[in-house]
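Chain lettering (A, B and C) follows the sequence in which the chains are written, and residue indices restart at 1 in each chain.
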Amino acid sequence: MTLRGLRGWAGRAARPGLRVGGRLLREVPALAVSLPFLVPAAFTFLAAFTPTASLNRGELGPFTLENLRVAWASADFPRLYLNTLLFTLGLLLIQLFTVTTAGFALAQIAQRGRDWAFRLVLVQLFLPPTALILPNFLALRGLGLTDTLTGLALPYVASATGAFLLRQGFRQVPRELLEAALVDGATPWQVLTRVLLPLVRPHLAAFGLVSLVYHWNEFLWPLVVIQSPEKRVLSLGFASFARSAESGMEWGLIAAGALLVGLPMLLAFALFQRAFVESFARSGLKG
Amino acid sequence: MRPWLFLLPTLVFLAAFTYVPALRIAIEGLPALPKLLVPENASSLRVTLLYVLLNVPLSILLGLLAALALEGNGRLRQWVRVLVFHPVILPTVAFAAVFLYLLNPLGPLQGLLRGLGLQNPLGDPLGAFLAVVLVGVLKDAGLYMLYYLAGLQNIPKELLEAAQVDGAGRALAFFKVTWPLLTPTTFFVGVMAALGALRNVDHIFILTKGGPTGATDHVLYRVYTLGFEYFDFPAASALSLALLAFLGLLALVALPRLERGVHYDA
Amino acid sequence: MARDWRKQTVGLLVALGLAFGQKTTITFYYPVGVAGPLARFIEAYVADFEKANPDVEVKTVFGGNYEENQAKVVAAIKAGTPPDTAILLSQQLFTLLSMDAIEPFDPYIARDPELKQAVSDFFPAFMMNSTLDGKVYSLPFQRSTPILYYNKEAFREAGLDPNRPPATWDELVEYAKRLTKRDAQGRVVRYGVAIPTENRSTWLLEGLVIQAGGLLYDPQGRGCKVLVNTEPVRQAMQFKRDLAAVHKVSPEGVIAWGTTPGDFAAGKVAMIYHSTGSLGFIRDNARFEFGTAFQPKKVRYGVPTGGANFYLFKGSDPKKREATLRFIKFMTSPELQARWSIDSGYVAARRASWSLPIMKEYVKKWPQALTAREQLAYAKAELPAYNLQQVKDIIAEAEQAVVLGQKDVREVAREAQARVDQALAPFCSR
């Protein structure tokens, strides 16, 4: 059935009396999309409350809080949350500045230089992250910043992903708008903060979320940089109890740990996701 | 001149943590380039190519479909969005472990897997490769959905309404209005997905460690193996250098061409 | 007498150190290989050590799993800041030597009777990977061996004597056939046996090779002679293949290491080969009576040892070195080894640990823990080689090709031998 046909069908079904069915029908695409994600999500959630022994037999339940208790006791979670928040939010704050300026620059630089500037930034994504670990670690060592959250964040202050995303956002801003703003005698900084930022808010929001999530879970780089137990981040704490190279997989414990690690981000996403779909960016652009 | 000034903060940090390390990698890797000519690398390259070819279109498509299906503020859509995004949020170890559980030949999907002729997916070269692609797609799609949702915001509603008033159906409105206006996003997502398929392979560490018999030995996993398990840093650098050169060249040739199809003005 | 003198000196040094308010700080990297709060246990031991030694501060650094911890140590070496001590695979001796990163314990053993006593009290099998040219390069901490786990209930059900586990490969196959259970449609509901083929590891294969009368390396080869193209290796690989392909008593394809204990605990496999380190997991998860036994022999019993040891790194000053040795002695003491064994499931590496009351009580409750200790009499050193991980990868891949039926075992063994020799050449052609 084509989308058009589906819509017609849904429209007809939306007559009084059939409204509920119609609404459900309109959500068919949403439900279809959810399917492949439902299985792992449901499993993780239920496994967190199920003993590993039951899971190994293919059973869910009897439900228990034991996995969560063991996971919580296996690492210093309050400190892990605090360090991870400091690291990810601190970094994001600086990044919001660097990616906005860089994105603006990449959109505004005159035609010829633009492509080169763009590639220059994109180089960051051409190197395997694992290959950068040792050189960057040596660089941090030179700066005396190993075993610090600052050192952990430094290599990410410049973000090609963010600059690229914001470039796309800025390039969609109609030139007339920019020119009008410049004619008004505003400085570039004023143009950026008062005129442009509001226009790329969805992009900034998307980038912010991606940055948070990526650094929230990053493992290998923190593993190399961080030494002191009191500076560990969540990913390290999680790895310290959820992996079992030598013995059997502790499904319940892994799921419970994942829930403890991921819950704050899930909640943040659930709360802030409106930013991506609200219509604030849709108005005032054209017409 | 001014715009370059805005780029300065980024360039300074790139210099310290990308360009200088890249130079170090080049110096260390250049003499080791001949070391790359071993069958393992050839097979790894083949695996990587196949992985990218499958992962990129599938994850973009799933991301786009999710964004189109889940745009709007309905309660259900909000929850489904959380669902689609959750693999991005959970530690990769945990998300991949779910599939270790589900794909266990003696696990809960035993009957289904047998029916598909994949009794022991992770213990079989083809099955393991497909599993790695599947998990990769599910992990990345949420991210691309997010970018598309942001991109959809830049499409003036008036245009869509106008198109529909003109009598175009939804499908037609999509191809006439939405898709062209999404091209800046698609360009971005496409480039990010291609690079992502070459960078985000943490799930391989958990699911297959590159096996069985090298069937999932993605080039990035190989860089890790060479550097941090064989401690052959020259070889790891050489492989990184080759990747850098390849992607640099691709960016030089392909990016401008690709961008010609992008409509920045609504 | 001598001991008293030593104690007094240490006491004096401690008092002096405290008087000047100086603490010696040492860095200690450790891996975690078993799920659960092991990192917390280690940190608790360190805290106990610090309480007893107020002049020493131990910086504990969590390094991920074995491979990641090794990577982290190497990164630290490259940055010119090696740790004072780290727990790394006992097999990594040659890799660490090739980096010129470690020092032997011998000068300190000669000076310190307590250390000397400790070295002679470790199970000899656990010291095999530590010694080279008569020098001791590492001391055992978290050690294990692979054993056979079997489901006693399934044994009874199949009419087998639950107190008589299979003793030979032939018996293993015969038992496995009787233990394999099929439903009405002929689908297997319980396999007889599962021997994992872990990606990138040769541990279980090594055991089979030893049982077939061979060894994966030449003991006189100084990390340079790895033997793949031999009859015992071919037999071991083919045996694994045949369990599924010929005898149909084992799941097809490469069997994953991580999910195998769970499958055993769920009753889906009646016998498995796995680490002693999984004893705790199986104990907590199986709802039936289970036994542990030596792995069956072909021509002889035998398994490789496994696990990780304390190493001493170059570049430590005498004061730090003294504190480091005190710390290592504490962590390898009979009392702590017993505690660690009970907490983690590893085999207590000191003989004296096993006569301590807590250990006796534990063994009374879980006699299965004894199997690993007794099997040590037949254990061999685990594959020692330069360029270790690459060598292991080549052999594991060859093994997988046989298990998957991709190639003939003779061809595979020949090719793997050539590749292994090539991987060793840069380190060994001196």
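In the analysis below, contacts are C-beta pairs under 8 Å (C-beta built on N, C-alpha and C of every residue); 3 or more make two chains touch, one makes a residue touch a chain.
Quick caveat, the model's predicted, so the values are computed rather than measured.
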Taking each chain's C-alpha mean as its centre, the one farthest from subunit A: C
Between A-C and B-C, the pair with more C-beta contacts: A-C
Separation of mean Cα positions, subunit B and subunit A [Å, integer]: 14
Computed distance of Cα centres, subunit C from subunit B, in Å: 37
Interchain centroid distance [CA atoms averaged], subunit A/subunit C, Å: 39
Overlap residues in subunit B, where contacts from two or more other chains coincide: 100-101, 107, 228
Where subunit A touches two or more other chains at once, by residue number: 55, 58, 133-134, 219, 239, 242-243, 249, 251, 254
Overlap residues in subunit C, where contacts from two or more other chains coincide: 68, 71, 258-259, 262-263, 266
Partner subunit B, residues of subunit A touching it in the complex: 2-4, 7, 27, 29-34, 36-41, 43-44, 47, 55, 58, 97-99, 101-102, 104-106, 108-110, 113, 115, 117-136, 139, 154-155, 157-161, 163-165, 168-169, 171-172, 174, 188, 192, 202-203, 205-206, 209-210, 213, 216-217, 219, 235, 238-239, 242-243, 249, 251, 254-255, 257-258, 261-262, 265-266, 269-270, 273-274, 276-282, 285-287
Residues of subunit C touching subunit A in the complex: 27, 32-40, 43, 59-66, 68, 71-72, 75, 78-81, 144, 258-263, 265-267, 274-275, 277-278, 280-282, 284-287, 345
Residue ranges of subunit C in contact with subunit B within the complex: 67-68, 70-71, 74, 95, 99, 187, 191, 197, 199-200, 251-256, 258-259, 262-263, 266, 268-269, 387, 389-390, 393, 396-397, 400-401, 404, 406
Parts of subunit B lying in touch with subunit C, wherever the complex brings them together: 100-101, 104-107, 114, 119-120, 122-125, 127, 208-214, 225, 228-231
Touching residues on subunit B, where the partner in the complex is subunit A: 2-7, 9-14, 16-22, 24-25, 62, 65-66, 68-74, 76-78, 80-95, 97-102, 107-108, 138, 142-143, 146-147, 149-159, 169-172, 174, 184-185, 187-188, 191-192, 195, 198-199, 202, 219-220, 223-224, 227-228, 233, 236-237, 239-240, 243-244, 247-248, 251-252, 255-256, 264-266
